[in-house]
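Next up: the structures, one after another.
In what comes next, chain A is part of two complexes: it sits with chain B in the first one and with chain C in the second one.
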Partner chain A sequence: MISVIRIDDRLLHGQVALLWTQTYSIHTVVIVNDKVVNDEFLKMTLGLAKPIGVELKIISVADGIAYMREQMETTRRVMVIINNLLDAKRIFDELDLPSLNFGNLRERADSARYAPAISLTSEDIEICKYLLDKGVELEIRRTPDESKTLIKKLLNK
Partner chain B sequence: MIFIIATHGSMASGTFDTINFIIGDRRKFFVVDCYKPESESIEQTITDIVENSDEKLLVFTDICYGSVNREVMTALRGKDAYIITDFNLSMILELALMNDDDINEDIIKECIENGKKQVHFFNMKEL
Partner chain C sequence: MLQSILVGLISVIGLCDYLTGTSMIQRPVVLGALVGLVYGDLPTGVIMGSSIELIFMGQMSIGGAVPVVTLAGCVAVAIAMQSGAGLEAALALAVPFGVLYSMLDNLHYILVQVFVSGMDKAAKEGDYKKYERYHWCAFGLWSLLYFVSTVICVNLGSTLVENFFNSLPAWLMDGISAGTKLLPALGFAILLNSIWNKKIAAFFFIGFVLAAYLGLDTIAIAILGASVAVLYFTLGSTELPDFSAPADSKPMLTKKEINNMFWRAFTLEASYNYEKFQGTGFGYALIPALRKIYGDDKEALAEAMSRNCVMFQTTPQCAPINMGITLAMEEEYSRNRDTMDPASIGAVRSAFMGPLAGIGDSIFWGILRTVAAGVACSLGVQGNVAAPLVFLIIFNVPAVFTRYYGAHKSYELGMNFVSKLSQYNLLENLSIAAGIVGLMVIGGMTSSMVWVSTPLVITAGDMAISVQEFLDSLLPSMVPLLTVYIMSKLLKKNIKPVVLMISALVVGVLLTYIGVL
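Entry: the complex of A and B
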């Protein structure tokens, strides 16, 4: 099963490795990203963040979608991490998943801050609206014990 | 040799403050307190330091599996730099007190081992 899909521009880091994998008893963390999958150096540095006892996979978006489709039918608890909303759109267009967690999206050119760790560009907002219309819950939580801040409310939708 | 401390939050500037307290300001440090609201991007900060110097870098990061360390590694890929992750104060102090000419890969590794040996556990009820 897909226990969590998280969008975090830092991908896998201590906060995720320590807190999320424990809270959700995650077996496998999957980093889904087309850039990282072709970069051995980035893969090595992400491997440093792998929690003990948890499997780490780094795969492309296309492979990620196939992998998730397969894992949705199993009892293994999978956490998926992506780092941008375009990839989120590709995934949610293919798979029927209920919720997307927002962890960290730093400021970029043309972005505005919606929460302490979440900045969105106008393109991001369009994708958020699109996902909300599909009925996907978009919730901000940096750590799993925080209460959810809903993007829907921030966008007054 | 340029010394840099990079951490999540204010541990870097706090560590620098403690180092100054103990050994005075005999060595210059760059401190990078990351992910605070006013923080610049790590990559930019590190790149600026690299571009404005031809000295070797010695970077201390707070935790190996954190994103600060990863971003530092990414910014320093292929550069003339050493990184020590999960530093402790004794490691930094030992290295900070050395002359640049004496600091090399073997010495750094020795200082890391010495620093590890300074981590002790006491159960005070049993003493």
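Entry: the complex of A and C
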């Protein structure tokens, strides 16, 4: 089953390795990203952060969708990490998942900050609205013990 | 008034945590002692500080997600000492003041943006003097905010508390006191949840038995744990990568510049903000080395400063490693400007910072700080005034070593440093070894630092059986162990730590009232 799907431009780091994998008793962390999968250096650095006893997979978006479809039927607890909203759209178009967690999205050109660690561009906002229309819950939580901040509420302001 | 001003200064000393590379001087076990000095009662300050430390032990600052700020500890101790309301009041106050101070922090993060955009502009212009000035201004602003708020809080707070706590009935105070004794269990549960790992889980129970049955104190268990961790390396077939510098290297930077970076890296979080996180401080640390690399080429220096004043976030103690690699790459770029893409510098830094934090947060925040605090608090709650020093030494010796060695070796090896780290599963083995010490110490503290006992006596005819004695005969420290277990389960159900803290106080009051605690 897919326990968490998280968008985080730092991919695998302290918040994920230390808190999320433990709180949700994650068996496998899957980094789904077309760039990382072809970058040996990135793969090596991400491998360094692998929490003990947790399996780490790094796969492309297309493979990620197939893998997730497969895992949705099992009892293994999988955490999926992506780093941009375009990939989120591709995934949520294919799979019926209830919720997307927003961890960290840094400031970029023409982005605006919506929460301490979340900045969104106008393109991001379009995708957020699209996902919200599909009925996906978009929630901001850097660490699992924080309260959910709903993107829906932020956009309605 | 004078005393509250001194406490205000102490809160600024606590804030200097961010000037000294998260040296943990803002933890209650340190600040409590300083407040004790102000009120002329050092041992009481140490006892209160250590007790609050135990409660806040699970509060970690991971990846820019700042929890209830621990600095509140010093205010709570000050109010308790000024109003004469005692330890229970300090413990109960630490929670609301923690919330108050995290709001204060949020205010600071809004105001600090002025300096952050100034630094951004200065970097683009290559004006390093202005950049450095803003870095310090940002910290100045933070200090001022804390100083003023602390003075106000201590003055208002102690008047309120004097009237409030002294009018509370004794049964309620006893209840709160019992409740606060449950709180360390929450901290241990948070820590356990973050470092628990089936492979080495047995060490938690070994630590527990050493304390519960053999009565060993935390120091003894920490030493045993460290010995086991060392054995894990020496008896296992763990090979260590060769970190010596390549013989043919002709570095542009000398020890002097790298040392300068090492010192400046301590101020990494002085201008911390929610736009670039540690990025502004990262740029600050690199300035002398960049000036040497780019010499008189003002334009190149400005570009390099801009390149290194971008979003950055990792475990502060590991940041010098990232800085060294960045400098090695900047140097390479200055030599091959036509062939190398400068964007690769940022790409490597940004690829490495997350994973480094994954491992660094777990070792420094999760384990090293826990062991240091565990040992120090076991001394501190008995009023041993060496507690704050013991705490700072145990934490900072490995931390400073990592910083120094990390800065120099990562510069010498550049990107190869990363591949060396990935050799022979070095980091994974290091986390396992550290995890062993951490779990043993938390196991021990579960027995020795969660003081829950029941005065219940069951009478059957002429026989009177003390429930506590009965439980102890089954399994000593059974109640603390269960409490930690329940807390850990509740946390996994996603119940917030603040909610659990308040519930623990309420449960304490209720159970005391009906005579179970």
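As a working rule, the second predicted complex is superposed on the first by the 156 of 157 C-alpha atoms of A that agree within 3 Å, B and C clash if a C-alpha of one lies under 4 Å from a C-alpha of the other, contacts with A are read in each partner's own complex, and residues count from 1 in each chain.
In this text, contacts are C-beta pairs under 8 Å (C-beta built on N, C-alpha and C of every residue); 3 or more make two chains touch, one makes a residue touch a chain.
Not measured: the values here are computed from a predicted model.
Once the two complexes are overlaid on the shared chain, A:Glu126 sits clear of chain B and of chain C alike. Of the two partner chains placed around the shared chain by superposition, chain C is the only one that A:Ile52 touches, whereas chain B remains out of contact.
Greater residue coverage of chain A by touch, when chain B is weighed against chain C, goes to C. Of the two partner chains, both chain B and chain C are touched by A:Leu42. By the touch criterion stated above, A:Pro144 is placed in contact with chain C alone, chain B being left untouched. Shared-chain residue A:Ala17: touches chain B and chain C both. Comparing the two complexes, residues 10-11, 13-14, 17, 41-42, 45-46, 48-51, 106, 116 of chain A contact chain B in one case and chain C in the other.
Across the complex, chain A meets chain C through its residues 10-19, 22-23, 25, 39, 41-42, 44-53, 104, 106-107, 113, 116-117, 142-147. Those residues of chain B that touch chain A in the complex are listed here as 8, 37, 41, 63-67, 69-71, 73-74, 77.
Note for the complex: chain C touches chain A at residues 62-65, 109, 193-200, 274-275, 311, 313-315, 348, 350-362, 365-366, 415, 418-419, 421-422, 427-428, 431-432, 435, 491-492, 494, 496-497. Listing the residues of chain A that touch chain B in their complex gives 10-11, 13-14, 17, 41-42, 45-46, 48-51, 106, 116.
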